[in-house]
Structures are given as structure tokens and as C-alpha cells.
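Same chain, two partners: chain A is paired with chain B first, then with chain C.
And then the complex of A and B:
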């Protein structure tokens, strides 16, 4: 059991390493991409600086909290796209029969798929997340908590993507559902939740779990609360179990395909 | 000594449900409101056994159900009904356990990382099968001489010719010394020289390690030169299961015999089928 887990981790990290290597073949463009990603992110912050110079409280958020909001948004986006990019194209993998080569390997199919590709410029988002944390004022405790919450949020984001992608096992081409769902997270993530209420707010703590990925974490950094931390960790575990169950249920319906293709 | 069955298949069935769509814009709009499904009987009640060390040609016309069968035997697809035992393992229940024991090559699908060299790919596959570094290196050395990979083992896969790539695909699928090798059209698109070397390799491997070979191919020479036994499927059913030598007793070249069977004109299968299936 333990060696099995060890071997699986070895393959997963190798897979991530190779996926990153592929993207970094050209170091020059890689560095440029990361820099541009950083600049792109930074331009949004300028908007908020201007907003806060007019008003000191937007949607119940202070400027520091807005920075953290953006930090969690960029950080979870960065980690998930950097390490598990293929979780967001799971639907395409299923409908186009791209699971075949993973299914004949004695390793976890789901992990093999989601680690098969990397979006290396997303490294810029991860760096940016930490820059924001530093600007908002950081202590060692906050740094640790931020990292733990970022990892938990990334796992929840991936689980969400896996569940949406797995719908393709039952409904065929349903990548638009997954794309919309994953897009919702990215889009909501950059607004203070104070401006939402009622049904949208309820959705954020259920169907689109953005509350656990962004909003609660922001509050936790401002003011630590053990109960909420436990809630986040529980949600992380439950969604992971759910994602695995749904994926493996769907896998029985997998129909492969006869398309000519290669693993790019 | 009585040889063991390494593959046992009983009453295997697989249907695909595909959306039916009328052509044109009108058809597309219609299909939004009412989707018609068509049921394709890809594999329709197939039963057979394969013995250890056997080299089996599993052939049939396009769309006969060959790939679908291989995918069920290797744990890629779930069957609708029927039972499969491969090395006494049920692929639907113990997919990973089975994967350690078998090798698969799909001529039309690639398993290698294109940006890595074959050498790095082989090391990756060694890790996939939990081989130690020493075991992997030893195995790579063996495969290198067996396949003559020296010239391009350090060239990224994306820069290799199709033939070189297939050689690497096959090598990678052999890294863990599988007991059964499933090959789905491994020689598709290759020149005669590469085809020959692949055949030689498969034969050598079978001799040296007693590897069971399950081969589909549309290349008559592949099956004639490699296989002593032939299963012919058509419309998802087995129509012939016989030795190559028996099949060849029919009139004409092997290609002519097989073509007649594909077209349903040959009576050979009726004689033999009697003692295989009821």
C-alpha cells in the first residue's frame, strides 16, 4: 500500500515535470510569458487602487482584503493551471477517446490525465499571488495559512473541474458546461462577495464552490477562525472523494474512439 | 505439458449508441428537439480462448469489431455483457493489476511523450511499471539491441519518422516484459523494411520469452508470417477460428481466401465453426 502510494507519487511528479519541461523548451519565451502574465495581473490592481482612492469600503472589503481576494484568485488559478491543466480539458479527453493510453498503464488514470499538461505561464499568477500577500502585510503565520488555504482552494477547484468534466461520460460533448462552470469561478473570484446576496451567494457555497476557494480564506487571513479552517479542510476532502467517485462511475461508460491521434 | 489458457472470453458483447443526425442545417435543428439513437453492435457474442505463447491473428474487415474487442481485453472499455479473463484477471475489476502483465500497441494512437527522447520515455515507462533504475537500464539495453534503436534513442520523438516512432512505441510497451502483447494494426503506414523488422522482433520476442501475441492487421503478410492461428470476425461475430495451415488449404492465395470470407462467400468457416461454437 505504502509503496504503491510512493510509486504513484513518483509517476505523478515525473508527469508534471515532463509536462513543464515541454513548455519550457524555449526558455526565452517562457520568461517573457511569465512577465506578461504578471503585468496583465498588475493592471487590474491599478483599477482597484483608483476605486479605493474614491471609496474606502467596497462590498464590505478593505483594500487589504481586496489584495488578498486577488491573491487567492490568482494563486488558485496559477497552481491549478500550472500543475493540473488537463483537469480543465477532461471533457475533451473523454469525448475524443484520449483516455486509452492512460487506461493501459498500471497507475491512477485520473491523476495521469490531469498532470499530463502544464500551463507554465501560470507560474506568473502564483508569483503574483505572493506579491499581493506581501503588499497586504504579511507575517510568518499568515504566509503559512495563505499557502495552506491556497493549496486547499486549488484542490477544490480541481475537484470541481473534474466533476464538471466527468459529465461528458454521460452526456457526450458537454465541454461548454465545464468551460462555463470553470469560467464562473475565475470571473466571480475577483469581486468582493459583499456585492452578492441571496441565490448567487448560496450558489457560491454549493454548486460553484467559490466561497470555500476565495471568500472564506480571505476572511481567515484577516481574522483566524479554527472552525472555518476545519470547514475548508472538510470541504476539500469531501469534494476530492466526490470527484473520484463520479469520475470512476463515469469511466464505466467511457467509449474510447477511433480517431488517429498523438499525445502532443 | 498442457498449455494454459491466458485469455478466456465468453459471450462478450458491446454496443455503441451513436446519435443519428440528418444532414444539413435542418437536420441539426431537428436533432436539438429529438435525438435519435442508433445502436451499433460492435461486438456481438464472441467467445474464444488463447493459449500461452500463442501468436493469434485477430482479423476482419473494417468495422468488424477488432479494436473494440482489444479495448475490452485490455481494460479500456467496459463490456455490456459476457466475461473476460486475461491471465486469470478480470480487466473490469483489476485494471491496474492486469496492466502490469500486458503490453499494448495501438498503431493509430501514441503513448509516448513527443518532446522527450525515446530514452527518457523508456525511463518514464520503467517508472510507470515500478521497475528499479537498474532493471530499467538493463531492459533498455536489451530493447536497444533487439530493435536497433541506437541511432535515434537520443532524438526527441517528435523528430522521428513514423517507422522509428512505432519501433519506440513497441519498445516502450515491452519495457516491463509483458506476458501478453496486444497489437492493434502496429504496421499501419510503414514501409516494407520497417514492417519486416517489426515482424522479426515480434517473432524473436515470442521465441525468447514465450510472449503471447494478439495481433490485428490488414497486412496479409503480417499475419501469414507471424501467426499459426487465425480468428476472423465480421459484424461483431466470429466467423472463422482455425489454424493458418487449415485455412490455407482452401483454394487460392491467403489473400483471396480471406477476401472471400470477408465478403461472406467462403464456406470454410461453416465447417470449422461447428466444433467451436454451437
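And then the complex of A and C:
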């Protein structure tokens, strides 16, 4: 069992490595893209500086907490797009019959698919996340906790994308459902939950798990709470199991479309 | 001009076939406006409060209008498409066509944007009326002037996006420039009016394309003023000419060193 897991991890890391190497063929363009992504993320600070000059708290968040909120939002976005980009185009892979080349491979199909491509500029998002953590005030404990929560949040985000993408096994062209769901996380993640109320807020802690990806982690960095940490880790494990079950149940319904593709 | 009208109409009709896709893609706009309604609802304790001369209703209508102008253009895919055509050499197929490549791109995308504007305006005005139950008072004449300002704003935005795409002739990938451009328009023009920025920044934004693309048309909608209408339209005409000139300059310089890789 352990050898199996070890082999799978090795294959997954190799898959990620080659996806990144393909994207980094032109180093000049790669560096430029990362720098521009950093500037792109940093430009949003202006909006928050202005909003905080009007009111000292927005949605119950201090300016430092907004920096952390952006740190988690940029970090999870960066990790998921840098390492598992294909999770967000799973619906397209299913409806257009692009899974064939992954099915013939001897290792885990789902992991092979989601690690097949990389958005290298997303490295800029990851760097930006840590810059914000340092600006908001960092200790070794915070750095470790931030990293653990960032990884947990990224796994939940990926699981959410896999579940939404897998709906295409049953409903055919449902890519707009997946895009909308993933868009909801990206759009809402950069605003404090305190400005929302009622149904939208309830959704953030249930069907669209932004609360576990962003909001609770921000509160945990500000004030550590063991119970909340356990809740996040439990949600991470449950959503991972759910994502695998739903994907493999759906895979039984998959039919090829005679599309010729190769996976090198 | 007739050929460009045909290009515009052809794209308009073709996009009408995919109206459900356009509606589905408008969910992003709905989310942006919804979030900003919540933000301004939180910031304005009292509906009669004025921040930098704006009340809550004006701020929300400002965002509804600027977001329509911003979201009706599929900027990311337009820049990516031009970049790919330039890099692959496919742009060469357009050189021997009986129309200007820039004109084709502009009218083709204006066709796409027209239906999006209608859908987004429906969503935006429904949200605004539902939440605020009030709309800025505007006569038909003033409304037509605002509409003209919005059309010119979309045209300028499209021309600057075409310019960024054509920069692929000079740099390998101009997509990163699009990220910065779109964020500048979003932060300095779409989300907040000029009056919210520090005084030293205000003249810079006023003379930048942001005024012509976002601030001018939206401000006219929430607080119409004939003097401002003249200034806005004049600045928009100037920016149409500037952006068109920039596109032509890059295109003319670029096609001279074009290498077509077989095919």
C-alpha cells in the first residue's frame, strides 16, 4: 500500500514537473509573466486603501486582515492553477472525449488529468500571497499555519472544481455550471464575508466552500483556534473523498469521441 | 464603410444564435454588481450620506454602468486571439483581404459586444431597480447622449485591446500587458469614481483613457451635465483617433517584418 502511494506521488510530481517545463521553454517570457501577475495582483491594494480611508473596518475586517484575505485568495488561486490547471477544464475534457489518452495510463486517472497542464504565471500569485503575509506581520508559527491552511484551501478548491467538472459525465455540456462555481470562489474570495448576510453567507459555508478556503483561515491566522483547524482539515478530507467517488462513478458513464490525442 | 457594416451585422446575427451562452457568461457581471451593492451598502451607514459628493444610490448606479462597459468586451480572448494570429503567422491571411485588419477586428467585436450590452444592461438595471427602487432621472435626449458616450467608450476600449494584441509583433506575448491594462481600467475607473482618489492622481486619471472609457459615461448617467457631456464626447473622439493611430502604427511596422512559417 505504502509503495503504491509512493509510486503515485512520484508519478504525480513528474507529471507536474513536465507540465511546468513545457510552459517554461521561453524563460524571458516566463519571468515577464510572473512579474506582471505580481503587479496585476498588487494593483487591487489601491481599492482597499481608498475604502479604508473612508471607513476603518469593512465587513468587520481590519486592513491587515484584508491583506491576509488577499493572501489566501491569491495563494489558493496560484497553487491550484500552477499545479492542477486541468481540474478547471475537466468538463471540457469529458464532453470532448479528451480523457482517452489518460485512461490507457497505468496510474491514477484523475491525478494524471489534473496535473497535465500548468499556468506558470500563477507562480506570481503564490509569491504575492507570501509577500502579503510578510507585510501583515509574520512569525514562524504564522508562516507554518499559513502554508498548511493554503494547502488545505487549495485542495478544497480543486475538489470543488473536480466535483463540478464531473457533472458533465451525467449532464453533457455543463461547463458553464463549473465555470460559474469556480468563478464564484474567485470573485467572492477577495471580499470580507461580513458584508454578506442571509442566503449568500450560508452558501459560503456549505455549497460553495469559500468560508473554509478563505474566511476561517484568515480568522485562524489572527487568532488560532484548534477546533476550527480540525474543521478545515475534516472538510479537506471529506471533499477529497467526495471528489474521487463522484469522478470515478461518472467515469463509468464516459464515452470516447474518437478524438486523437497523445500524452507525452 | 459598407463592408464593415456587413462584418458587424454578420457577427451580431451569429452571436444571436448563442444567446444562452451569452446569458450564462453574464453571471460574472451579476456577481460583480452584487458584491459591490453589498460593499457600498456596508460603507454607507445612512442612505443620505455623501462620500466625495456621491450618495449610495449614485455609487451603485456608477458601478452598474461602468461594469456594463467593461464586461461587454471579451478582452482576454480578443487579446489572446490576436496574439496567437500574430505569433502563428495567420495574420498574413488578412493582409490580402479587401478590408483593414484593424477595422475587421473592431467591427467584428462590436458585433459581439452589442448583444452582451443588451443582456448586461437588462441584468444591471433589474438588479439596480430591485435593490434601490430608484433610477437617476434622465430625459430621452440626455439618455441618447449617454448611449453615444457608452458606444464611444466601448469602441475606445476595443481599440486599446486590439493595440495590446498587436504588440505581439514586438514582444512575444502581450497577454501580460492586458492583465495590467484591464486592472487599471477596473480599479481606477470601474469600481471607484475619480473623486475618490488622492488629489495628485485625479488630473492624471482625468487625462487618461480611463475618463473616456469609464468615468465620463457613468458620471453622465448618474448626474447629467451638458458641459461635461461635451468634454466627455470630445475626449472620447480624441482617444478614438489616438488608439486607432497606435493600432495602425504597430500593425504597419509589424507586417513589414512578418515571417510566414509555411502552411
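Just so it is clear, the second predicted complex is superposed on the first by the 259 of 264 C-alpha atoms of A that agree within 3 Å, B and C clash if a C-alpha of one lies under 4 Å from a C-alpha of the other, contacts with A are read in each partner's own complex, and residues count from 1 in each chain.
The working rule: contacts are C-beta pairs under 8 Å (C-beta built on N, C-alpha and C of every residue); 3 or more make two chains touch, one makes a residue touch a chain.
Small disclaimer: the values here were computed from a predicted structure and weren't measured.
A.B. asks: Clash or fit: chain B and chain C on chain A?
C.D. replies: With chain A as the common anchor, chain B and chain C both fit in the superposed model.
A.B. asks: Per the contact definition in the header, classify A:206: touching chain B only (first), chain C only (second), both, or neither.
C.D. replies: Touch partners of A:206: none, neither chain B nor chain C.
A.B. asks: One more residue to check, A:46. First (chain B), second (chain C), both or neither?
C.D. replies: In the superposition, A:46 contacts chain C only.
A.B. asks: Using the touch definition from the top, say if A:225 reaches chain B (first), chain C (second), both or neither.
C.D. replies: neither
A.B. asks: Give one of first, second, both or neither to describe whether A:234 is in contact with chain B, with chain C, with both, or with none.
C.D. replies: Neither partner.
A.B. asks: Students often get this wrong, so check: with C-alpha centres, what angle lies at chain A between chain B and chain C, to the nearest 10 degrees?
C.D. replies: 100
A.B. asks: One more residue to check, A:103. First (chain B), second (chain C), both or neither?
C.D. replies: first
A.B. asks: In the superposition on the shared chain, how near does any CA atom of chain B get to one of chain C? Answer in angstrom.
C.D. replies: Superposed model gives a least chain B-chain C C-alpha distance of 7 Å.
A.B. asks: In the complex formed with chain B, which residues of chain A make contact?
C.D. replies: Against chain B, the touching part of chain A is residues 3, 7, 10-11, 14, 18, 21-22, 25, 99-101, 103-107, 172, 252-256, 258-264.
A.B. asks: For chain C, which residues count as touching chain A in their complex?
C.D. replies: 21, 24-25, 27-28, 31-32, 34-35, 38-39, 41-43, 51, 171-173, 175-177, 179-180, 183-184, 187-188, 191-192, 196-197
A.B. asks: So in the complex, which bits of chain A are touching chain C?
C.D. replies: Those residues of chain A that touch chain C are 26, 28-29, 32-33, 35-37, 39-40, 43-44, 46-47, 50-51, 54-55, 58-59, 121, 176, 179-180, 183-184, 187-188, 191, 194-196, 200.
A.B. asks: Under the touch definition given earlier, write down the residues of chain B that touch chain A in their complex.
C.D. replies: Chain B residues touching chain A: 16, 19, 67, 71, 74-78, 95-97, 99-100, 102, 104, 106, 108-116, 120, 124, 127-130.
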